[in-house]
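Going by the order they are written in, the chains are A, B, C and D; count residues from 1 in each one.
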Amino acid sequence: MPKKSADLTYKSYLALETLLQAQKPLSPAHDEMMFVVLHQTYELWFKLILFELDRVQKIFGAKTVGDADLRLVSASLSRVVNIMQLLVRQLDIMETMTPLDFLDFRHVFRSASGFQSMQFRELEVRLGLRADDRVGYDGKSFESFLSEEDREQLHRIMKRPALLDQVGGWLARTPFVEMGGFSFWKAYRKAVMDMIEGDREAIMKNRRMPASARETELNKLKGMQAQFDLLFDKGGGETLPWRFSKPALQAALFINLYRDQPALQVPFQVLSGLMDLDELLALWRYRHALMAQRMLGTKMGSGGSTGHDYLAATASKHRIFKDLFALSTFLIPRSRLPKLPREVVDRMGFRYWDKAEDAA
Amino acid sequence: MPKKSADLTYKSYLALETLLQAQKPLSPAHDEMMFVVLHQTYELWFKLILFELDRVQKIFGAKTVGDADLRLVSASLSRVVNIMQLLVRQLDIMETMTPLDFLDFRHVFRSASGFQSMQFRELEVRLGLRADDRVGYDGKSFESFLSEEDREQLHRIMKRPALLDQVGGWLARTPFVEMGGFSFWKAYRKAVMDMIEGDREAIMKNRRMPASARETELNKLKGMQAQFDLLFDKGGGETLPWRFSKPALQAALFINLYRDQPALQVPFQVLSGLMDLDELLALWRYRHALMAQRMLGTKMGSGGSTGHDYLAATASKHRIFKDLFALSTFLIPRSRLPKLPREVVDRMGFRYWDKAEDAA
Amino acid sequence: MPKKSADLTYKSYLALETLLQAQKPLSPAHDEMMFVVLHQTYELWFKLILFELDRVQKIFGAKTVGDADLRLVSASLSRVVNIMQLLVRQLDIMETMTPLDFLDFRHVFRSASGFQSMQFRELEVRLGLRADDRVGYDGKSFESFLSEEDREQLHRIMKRPALLDQVGGWLARTPFVEMGGFSFWKAYRKAVMDMIEGDREAIMKNRRMPASARETELNKLKGMQAQFDLLFDKGGGETLPWRFSKPALQAALFINLYRDQPALQVPFQVLSGLMDLDELLALWRYRHALMAQRMLGTKMGSGGSTGHDYLAATASKHRIFKDLFALSTFLIPRSRLPKLPREVVDRMGFRYWDKAEDAA
Amino acid sequence: MPKKSADLTYKSYLALETLLQAQKPLSPAHDEMMFVVLHQTYELWFKLILFELDRVQKIFGAKTVGDADLRLVSASLSRVVNIMQLLVRQLDIMETMTPLDFLDFRHVFRSASGFQSMQFRELEVRLGLRADDRVGYDGKSFESFLSEEDREQLHRIMKRPALLDQVGGWLARTPFVEMGGFSFWKAYRKAVMDMIEGDREAIMKNRRMPASARETELNKLKGMQAQFDLLFDKGGGETLPWRFSKPALQAALFINLYRDQPALQVPFQVLSGLMDLDELLALWRYRHALMAQRMLGTKMGSGGSTGHDYLAATASKHRIFKDLFALSTFLIPRSRLPKLPREVVDRMGFRYWDKAEDAA
């Protein structure tokens, strides 16, 4: 970096002398340069994703989350989502290489493998992927592929609160769910029971419906009832594998159902951003799996991984914000929504309407 | 259509009066219009994909495939691949709808479902998806969701040769694989055995390698040998589930290994295009599965489908040109490639060099 | 449409029998089908864009815009932006056709041309493109290419308020810009003058700066001052070609500068959405221009248009929300922002903090 | 780099310790990190583009271009096109920053500017952008913004043959354009004259055509004739600003018209790839211009550039392979194409048909 900023040039600002000397292919194969550059850009973007995550986690780590800060969370998530879309798209460039061209240099890696990307491991851990949820790999933990030093670093990160936990804490503090005499959970539960009862009656009363159709409909209804029973802890001991606490779940559902209220609009954007991110990570893993299959066939991948199968398994199992997706199961139609008390609605509104309404 | 083309307008050419009247949402929910338009554009693109497939199948259905025709095949595949990329991207628009908004109108579908898209079913069948390879659905065949008429139409299509079979036939006729005294398969087999033997010797001779590493390496080699044994029918009765015939597979491998030869360049593009298409269909199914999970949670999907799980299963199982992906397993490094006899190389070249060389 | 919804099928819901019969190429050229389908999908998406615009304009057409409604505006704009991105991308499919292939059927159009797309014309007019701002075309108004009936329809649309005017009206009603004793415009003007004066002093005091550099810096500052003079109507009669009224402009600037305030977060998203849309329309026109150049060279386009040049001119001149882009010129650094009075800040906050703060 | 490749790790292979330390924002503004990372990824991709260009230029720099080499050219161009599409898309990430956020750190650049990207300047020069064709910038040559050292380096590059010149040389050597007694240019010229004459007669004979329409049609025809006159050097001294030599142009036209011939298929892909690249560079410049307008308004950009206007001007003027686009003007319908003599067709075919035909 130049000492006087007057000396600053594009080249020095971006440290191009260092950056553009850092590509060292190990073979004479033409396509290795693409392979190096592509992975380096991935790592640069990972750095930025982690940097945005720093801000998000710092905000959620505070005791209260201010409104201006929540906008920053939403902005950071939008940026991360945008980057992840680029990273999915970027695999197209990898596929300009053919399997035969890859064969020209993949022997140089030996035991080195994308498995060892510490930034990606850090991202997974900080979002909230638990060691126990990870897909096994040739029967071994992925940690066995890391150096002692990297393993320790990862363990330190694991000890810090993950985003999932922080978001859970923030959700659980949502004030409107229990306010004055209003209990959202009671009102919602009643609405659900009324809905199911109403549906059952409608089916029974419909005389034109053939017996077989009626049975189908009633079975569907029973299935739905069973799911709600689990939600309401009436499942006879069976429980749903939620990661969020009950209060956090209830708040997330509340935000989904009443997201039009001013105070819930940005929180809803935040929840949507987390789902977008979760989806894009899965999509990236899946495209990665397809690419591995194309490049390596069914042979062992670089670093010994079984490539396609492993990656495809992570796509479906390494999901973090699954709870938010599962909530869609428990949405109820707007016409069935419990009407919120005036007081609660007021508290979710802006102050500036006060005088406007007085004037009217 | 106007009788005199002088009367032609943009509106009449595109039949806009019909087209733009064909959106009939059944509910007052705002987002239903998006849902209708999005699905209608899918169906329009499916029509175009089938139209391109018509040309491709007509060409491959002929006794011989001329060089100019093969370029048309490649052009049609490129277009289809481009469309499929758009269709994957197009799901972004669906996700501008929230699950709660979807709930406002998804009751109108009752038993109607995307399952019934006959154009998509036709596409699958014509590419070569076999009824037996299909994922079951609530324990039922997908055909049970079709009308009698649609089912019959599909059965008629099933009786016609699928693209996979046609491509197999075309590959099997590749002349260069057996030409004069040259047998690609014999030469390739020898090269493979030499490669494995060479690798084994290198491991055994490497005195600096620790015993445990040596064992790992020898085990890897054994695994590789086992795979090649299967390819060469020495697997002790176990066979690989190829869909292509042996001669077709051998030609496909030949094209992959010698794709630089002028006469193999466009054939190689055709095989790549088929793999691109297969990958994009899988990717589309997978994104579709993610979207279903987000919209419907774990509840039953529209038309009774279990949404996410079913779609995710089709992504991995409804693959058609798997053989082409598996071939990557059997590629060998360029340095190990059998050298082609001069005669074979000559036959894969252009005539125009003849005099050029004479002159030189 | 089926009478009983129990009869509803995928096919009937989407009117596929009509939709998939509406492609009538006029030539035997293979690529004409792509051309037809691509334009039909454009028109379907235009229909959806206009449908979303209906909602947006209805909301802005009301006397006051409620907070829940403003979220709907933001959601509709996001969807339209997403669609426009798809439409830009979709041109890739057109470019799978070569100019020679286009030549095979472009004679069938005669005087028919994309110029006659009434939905696109309607979109331009409803957003706020004025007849006087339009690029001339072969010296003729684009209206001369429309039928009498279409022309009249467009004139009816022109008489209704455009989105630009509605947004201007909504902005002008923003309460916080003048509230109690606070005048944003006065405070902002003072901040600007202080900033320029401060910069001038810093330059003059910097003794290490060479005379030539000082002159450059002072000239830059003079240029900046001149621009602000125009903004503050001190330009000696010269005026900026704003389309928004002064109060609307001031409010837009206020929203940009204080967008972290809760009550301004969604308004800021709305303004950003309008800029995204404006940018994407320009980008679409520009890509269209490039494509025309590639397909038609420098010859006259279909329907007699001079293709590339005309389209490229519209890309730069048919901009609608230019005022919002120009505002970036007048942003000042956060450190220079006038501090808002407590009362104004309070009014832009949520009511729910009231008791929280009491409790603290 | 590790000495023994057994020590190779993901981290050492990609030089991550260096790479991930090279981001040094100069301000505390949050968004500056994104700005740095985004520009660094651009530069990494530029490095890869130049690397692919090395291969392409080395091949075209040889006396003859072999068929296998031409496939490599086509592969490199495809990759570069794919990268350029990514780079256009990547601007989306820049637009996750707002103008106000940019204002927080853009003062740190002072005279540093993207203008100084030597890799991009090198790319422009090596493709064939001439100094004289460049848009002026505040009345100054862009070179005045470079350091002495960079300017000299660029001048050295300017002295080497540009890709445009190399492609021109390769095209000019196309053997089929003049072969045996056949002269493509004579045959084509005759076909054009016949076409125009035929069109004129058709217009004159059409009795139902009103006089005004006839005049319009005849004027169009006159315009077309005038263009062809220029092509055939009958323009009375006026000439078209071609950069390719006449033989190169004729060969490019020949390849476009007869691209179905086996020997022309890959050459046609190469010409298409060059046009794709030219288009994408223009599109990238144009999106860049839009972004500059949004970030900076109409004020001076970083480094003193007038941002939007300059960039928009380069989008339309810094085109390199314009000749290839202009050729579309001179395509004639397939039905009018001169039939090639048997000998020429034969020479463009593969040898392998020889015996196949003998057998038939």
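Structure notes:
What we mean here is this: a contact is a pair of C-beta atoms (placed from the backbone, for glycine too) under 8 Å apart; a residue touches a chain by one contact, two chains touch by 3 or more.
On a predicted model such as this, the values are computed, not experimentally measured, just so you know.
Relative to subunit C, the most remote chain by averaged C-alpha coordinates is B. By number of C-beta pairs in contact, A-B leads when B-D and A-B are compared. Centre-to-centre, using mean CA coordinates, subunit A is 40 Å away from subunit D.
The centroid of the Cα atoms in subunit B and the matching centroid in subunit D are 31 Å apart. The mean-CA centres of subunit A and subunit B are about 30 angstrom from one another, to the nearest whole unit.
Residue positions of subunit B with contacts to 2 or more other chains are 259.
Residues 95, 98-100, 103-104, 107, 220, 223-224, 227, 256-257, 259, 272, 275-276, 279, 282-283, 286-287, 290, 293-300, 304, 312, 315-316, 325-334 of subunit A are the ones touching subunit B in the complex.
Against subunit A, the residues of subunit D that register as touching in their complex are 1, 5-6, 8-16, 18-20, 22-24, 26, 30, 33-34, 36-37, 39-41, 43-45, 47-48, 51, 55, 75, 78-79, 82-83, 86, 89-90, 92-93, 96, 108-119, 147. Subunit B contributes residues 67-68, 71, 175-176, 259-263, 265-266, 346-352, 354-356 to its touches with subunit D in the complex.
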